[in-house]
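One structure follows; several queries about it will come next.
Letters A, B, C and D mark the chains in the order given here, with residues in each chain numbered from 1 onward.
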Amino acid sequence: MPPLLPIDLLLIAVAAWLLIGLAGLAAPGNLRYISKRLFPLGALVGLALGATALNFLGSGPQVAVLAIGLPDLPFHLRLDNLTAVFALLLGFASAGISVYAAGYFRKGQGTAPGLLCLEYHFFLASMLMVLMADDAYAFMVAWESMALSSFFLVTTDHKHAEIRSAGYLYLLIAHVGAIAILLSFGVMTSGTGDYSFANMREQHLSPFWASSAYLLALLGFGAKAGLVPVHVWLPEAHPAAPSPVSALMSGVMLKTAIYGLMRVSFDLLGSQPLWWWGVVAMAVGLVTALFGVLYSTVQSDMKRLLAYSSIENIGLLAVGIGLALLFRSYKMPVLAALALTAVLYHCLAHAGFKSLLFLCTGSVLHATKERSLGKLGGLIHPMPWVAWLALVGVIASTGLPPLSGFVSEWLLLQAFLFSPGLPHSWLNMVVPVSAAVVALVAALAGFAMVKFFGIIFLGQAREEALKDAHDAGPWERVGLVWLAGLSLALGVLPSTIISLIDAATRQLLGTGLADRMKENGWWMLAPISPERASYQPLIFLAVITASLLLGRQLVRRLYHGRVRRSPAWDCGYVFQGPRAQDTAEGFSQPIRRIFETLFRMQSHIPTIRDERPYYSVKVEDHFWHWLYLPLARLVTAFSHLVARLQGGRIAIYLLYSFVTLIFLLLVARP
Amino acid sequence: MDLFTLMLAIPLISGLLLTVVGERAWAPNLNIIASLGTFLASALLTYEIVATGPRMAFGEQFFIDSLNVFLVTLTAFVGLTTSIFSGPYMRNEYEHGRLSVPRLRLYKSMFQLFMFTMLVALTTNNLGILWVTMEAATLTTVLLVSLYRTAASLEAAWKYFILCGVGIAQALFGTILLYFAAERVLGESGNSLLWTHLVQVKGQLEPTIMVLSFIFLLVGYGTKVGLAPLHNWLPDAHAEGPTPVSAVLSGLLLNVALYAILRCKVLADGAIPDNFAGNLMMGFGLLTLATAAFALSRQKDIKRMFAYSSIEHMGIITFAFGMGGPVANFAGLLHMTMHSLTKSAIFFAVGHATQKAGTQLIEDIRGLIRINPVIGWGLMLGTLAILGMPPFGVFASEFMILTNAMKYYAWATPILLVSLGVAFAAIFGKVQPMVFGETHARPLPHAPAITPVFVHLALVLMLGLYIPPYLTNWFHQAAKMMG
Amino acid sequence: MTASIPLSAQLINLFASVILLLAFAMLAQRRMLPLINLFAYQGLALCMSTLVVAVTTGQHHLYWSAGLTLLLKALLLPWILHRLVRKLHVRFDVESLINIPTTMLVGIVLVMVSFNVALPISQLSSTVSRGTLGIALATVMLAFLMMITRTKAIPQVVGFLAMENGLFLAATSATYGMPMVVELGIALDVLVGAIILGVFFFQIRDQFDSLDIRHMEKLKDG
Amino acid sequence: MNIFGLVGQIFAIALALFLAPLLTGWVNQCRAWFQNRSAPPLMQPYYTLHKLFLKDVVLAHGASPLFRFAPFVVFGCMILACAIVPTLSTDLPFAPAADMLALVGVFGLARIFISLAAMDIGTSFGSLGGRREMLVGFLAEPALLMVIFTTALICQSTSVATIVETLAHRDFIIYPSLAFAGIAFSFVSLAENARVPVDNPATHLELTMIHEAMILEYSGRHLALVEWAASLKLYAYSCLGLALFMPWGIASGASILGLAAALPILMAKLAVGGFLLAGIESVNAKLRIFRAPEFLGTAFLLAVLGLLVRLLLETRV
């Protein structure tokens, strides 16, 4: 028997997940069997997958052909470094999420546990297939299977109409996106009819067709990733899904779209992108990021807040991809590598912290049955595990040192910083300003995350029942700790990780950062040179920790450690009940006010004459009103027109037939 | 008696027999057994044909080649599953008081006769006989459509009869013209309507006549296929007839009508230059697709909606065959198969669903997955399959059609894609709340025969991931034959 | 010029013209029973023209065809229709969606179209009756028009059957009739169809208390 | 990393710890002069710190461990910031640990913690202060980044030490862009350090305060640390500003002589800077909170202008 190649191991992982899923159908009602046996098993598969991918990184590509698929186009599979990076992400993130899920799913949540298990593992397997696919058909099959299984997962709790409509919107946009992707593949074959990726790589498209393919891919993958304006499904679907599923969707599935975009724009579309591709991606990314973060600050549903935050992060990723394309088109490979590394790193980082945060909301949801920020508060007391681990996620997602989010944002900003070398004066001026927008986005993300954490976990409990909330169970804790650990590791070991993912960068761009970085040692992140820019998270962390501990010790030694408890001072203000705290809406009031025009708000402000004064504010999406509703109206109008054809009168029907015949007789000529 | 005769004889004889004994308690079983026999005969016949190649029967009046043999198997198969499905379904209808015993008898005998006409239409070599059996198919099903004798079903049956009758009359005119063209080449032998002979001389047929002939044939048989704007009978007939009838209308009749067009197209292509027939079919296909897609979103009746979906898919298939070429023909054949299997599965599921809910109105059917998860999932998966979601086979064929269109007829792709998108939005938006959500429906007296649904869907799923080589060869041969 | 046309052809043309004339007459006819009678006459004319062709060319199966036409189109179907009308008590005026003169004008245009369409084809034909192909097409079209404009079920069916007449005429004029097995099949279909229609009429009347097809406009989308 | 460097580094930190309250005291004193008040002693901040350390911590009932933990984190962050910013010498072993971007990150981290701590007790003023702090933060950060960009472009580096070295030790060139950046930076510093016109460190008027609102519930050693951290922040910002825009006098190598020379220069610069700050605070009125975006928007605009000027006038093609 020949030794098992990594690609075989990946295929075994796919099969294992499918089998685990099917095993769930053996006893669909047996919750214990499914959650305590199958889900941990799935987590193990994830771990093994991550390890395999990690081990593979740096090797040459491997291909395989399965005997299934279309007669002329069997499933082509390929494992290269780009795939491996994302498989690594999938494996490690899903390991944590699956372990968490083992403790999460309870009885009586709509779909039977066995079915849920099937859908869940099918989802995982299809994501892995997306990463491995090396022809358009296999890709589309995996891609749509992924959409389908996640759709079923989203609608797990389908007795609520809003969850159903969220699922509907999700699948619809996913389908439209898939159509765009298919078209893009079609363009890339440039009429050869061979839909394998290998063939697409060999095609030399004219700029027009290459651009069409690129834009279609941007639309298609953007629809999955949640780029504006095809983002509307995301804030609906993520809250609707059970938390582990939200975590998977946000942490991993969105990345498959990024993967696809990278695959198309760096790999399949040949080596020479046009400069404006990068600008388009950057513009879309900036708009998305700003949009996402602004809307995330004004949400009052915790999962929606996170969903919008995912949109923001996807926007940042698109910015990075755009930047890399820009550098690449101007033949600046090192800078392109820098931007691309930032993208890959951010993918990993986001997978870690966003999954973590979504899982935390899951625990909160379980403990309190409440998603609305207005009814939470003070949960750090009953749920310390969740709260402190959520804090890790919050800091990481805010892009603050020393955790994972900072490294990627740092790399991205570094890439921006060197853009003024571009041989294009307009870009030279505009691109740095875009960096300021990125900074604004990062700072606003901080705002949103402070809101998220502060309102949920800090302050006084806004409802009586919250005091009885229970902390996460052991399984859930393991999952959370794993993901928090990933965030920490990504935060403090950037050089090590970059030297791993560098293989993907090198594969796509021909050059990487690792060689330069090796000279500086593993503790220092200095992508270009230490004189130019450097970051040593370990020292960073050590200094802060040392001064923290030292300060604490010194104060205790020199003075004392006495503490007295008393009611809060609050400037002597008497009414200190939980209602006196800021609400979620109140917290975001400055944002709503400053960026008023960017929101579509319907607010009611009480007057002194109101018998029953109340305050309400509803923030809606401009895109929904200006893009989607008109589109829906257009379709409705059209279908109204078409429906008139079927007027019920037989004479008219005969007339159609008659006129068709006469028309053809008179007009049709070969 | 050879297999071929057996295959034709079983439905004919059992159909006649059932008119006599159709009221007995065991009649539904006879129906199933007859269908099973037909299916077995056709399967064996297929095996034989695959092993030995095309053959003739009854002189040259019948012939079986790679194009029709798979349709024969498909027809017999869907006939079998439909008969299995209709057993409990019809018993439920009877116990709900919607049907009387004589009408059940009528249903069973007409069902078998309809199968007979379908099989003859598929295997006949004589274009005249083809016409006769197409007309006979209308006649056998028109009484089935009005089986409930309600105002709506009568109206539907009347429209069905008149529109298809007129359509088929035009097809006859086309056939006459074809005969006329053929006679000029083949002389006044009796062979001038035999397709095998015609195809030998298709290059010599007079183009002027063939143009007219093909227009008449296309408009005529196209009415039966449901091409827009000739489709208006189709939603009514599907919605108002009993569900098994809807299933066979969608799954078989439309296919056979399209098959008739295909046979004629092969001849027209030989005679008329510039892909005239293909362009015409592509035009009709796109128009049909777009019309159906936009009509979908306004449907309130579930069966009516899926009838429109059938129209939509007929549009796609017509377009595919219009494009021509090995890939598109292959895809068209595949899509025909997929559509038959999937759509009949959907109608089975819908049948049970409507019976459970006691209504066909979409907004009154809710939470199927709660009443009966099997029906709910059947409908959900069937719907997703018909919408072209991988890994179901419909996607495979749509993928090939789309990619082929992109390659040769890029202008058509936007229409295709927009229509598919709109259709997706419409159908899925309506089916999802039916399957999901809460409900208060009561259980049925007889357990549904749900196996056919899943057998069909399993086949569709399998074909989406893996098309066995012999099937591929077979489709390839057929596609090559169509040129 | 006219002398060069043989007598048989003249006769055939005559009968064909009669058929066309009758088609127009049916289009203009407001009453039910005369309409059926006109249909019977048309069947008779068709039979005669087929007979002439049969005599001229000596095609044996055309005799059968003519006999079949006579039996079915001129006798059996009109008889069935008569019975139906009497049983169903629907001898009233036939209502038309468009007024008769307009219908006639449209009919004239149709005839012109048909002749033009058929012209290049009939020149290719070698049969004695080739000129009548245009007439056959026009008959089909006129019958079609009649189906569109009538609001009652029976006239619509008469239109449908008249269309079959036109097709038969086409079959005998362009070629010397279809192969026998096909003709028999077509005849069987027509017969069964007529019987089923008869059944339908009763069902419809039971359901709607009338044979006015404008009652049957409930199924629609618009 | 040599031992000398390490000593220098520790000295720099110690210096920061010592000088920061002094700077605050100096500013307060100047401000009192400007406002014609009798000034508190220069050493008043030290007394206050000492007093606070001695006091018991009075903790609100709802306080979580985060509340007690935050002051230490903030303090640690500020120490790190002071360790990176070159005050006397550019030869700082910790400097490669964090460049300018990471410095912004450090301040951000501190801000997040202090805001969260403010929300922890669940009082109305606490969360009000928290959200206002975040508001100022997200407005100031892009402007600060633009300033950094401008300097980084000039020096082709984001490392603070390299920037300072480049600016201080090469031929004197007038950079108009730096003037814009300098003004922008001072705007940002005012906002970030809770100074008039954005905030008033002396106010306890509920509706106007930002920083004070956040730390209302702190007492005893926690308050002392927070206040000390605030002083350190002011010190770090001042030093950063001085290092970027008036880098002269900062030693490049690690020589005793250089350090000895640099210290008086630094003190002098800080004294002038504190004086100016007090002046600005005295002649300006505190802005309404929703004027703050305009103020910081101006800073952002100036910084962008600086950047453009840099690209337009100073780039050698």
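Definition applied: a contact is a pair of C-beta atoms (placed from the backbone, for glycine too) under 8 Å apart; a residue touches a chain by one contact, two chains touch by 3 or more.
Source: prediction; values computed, not measured.
Contact with chain A and chain C alike is made by B.
Across the assembly, the chain pair joined by the most C-beta contact pairs is A-D.
Taking each chain's centre as the mean of its C-alpha atoms, chain A lies 44 Å from chain B. With centres taken as mean Cα positions, chain C sits 31 Å from chain B. One simple way to say how far apart two chains are is to compare their mean CA positions; for chain A and chain D this gives 35 Å.
For this pair, chain B with chain D, the centres built from the Cα atoms lie 78 Å apart. Annotation for chain A: residues touching 2 or more other chains are 640, 643, 645-646, 650, 654, 665. In chain D, no residue touches two or more other chains. Residues of chain B in contact with two or more other chains: 158-159, 162, 166, 170, 212, 235, 295, 298. Interfaces, counted as pairs of touching chains, are A-B, A-C, A-D, B-C. If you check the complex, the residues on chain A that touch chain D are 377-378, 380-381, 384, 387, 391, 394-395, 398-401, 406, 410, 413-414, 417, 420, 425, 428-429, 432-433, 435-437, 439-440, 442-444, 446-447, 449-451, 453-455, 458-460, 524, 526, 530-537, 539-540, 543-548, 551-552, 555, 558-560, 562-571, 573, 576, 578, 580-582, 586-591, 593-594. Note for the complex: chain C touches chain A at residues 97, 110, 113, 117, 141, 144-145, 147-151, 156, 213-214, 216-222. Across the complex, chain B meets chain A through its residues 158-159, 162-163, 166-167, 170, 207, 211-212, 215-216, 218-219, 223, 228-230, 232-233, 235, 272-274, 276, 280, 291, 294-298, 327, 367, 369, 384, 387, 389-391, 395-396, 399-400, 402-404, 406-407, 413, 417, 420-422, 424-426, 428-429, 432-433, 436-438, 464-467, 469, 472, 476. Those residues of chain D lying in contact with chain A across their complex are 53-54, 56-62, 64-66, 72-73, 75-77, 79-80, 83, 94, 96-99, 101-102, 105-106, 108-109, 111-112, 115-116, 119-128, 130-132, 134-135, 137-146, 149, 152-153, 156-159, 162, 204, 206, 216-217, 220-221, 225, 289-290, 293, 300, 303-304, 307-308, 311, 315. Against chain C, the residues of chain A that register as touching in their complex are 640, 643-651, 654-655, 658, 662, 665-666.
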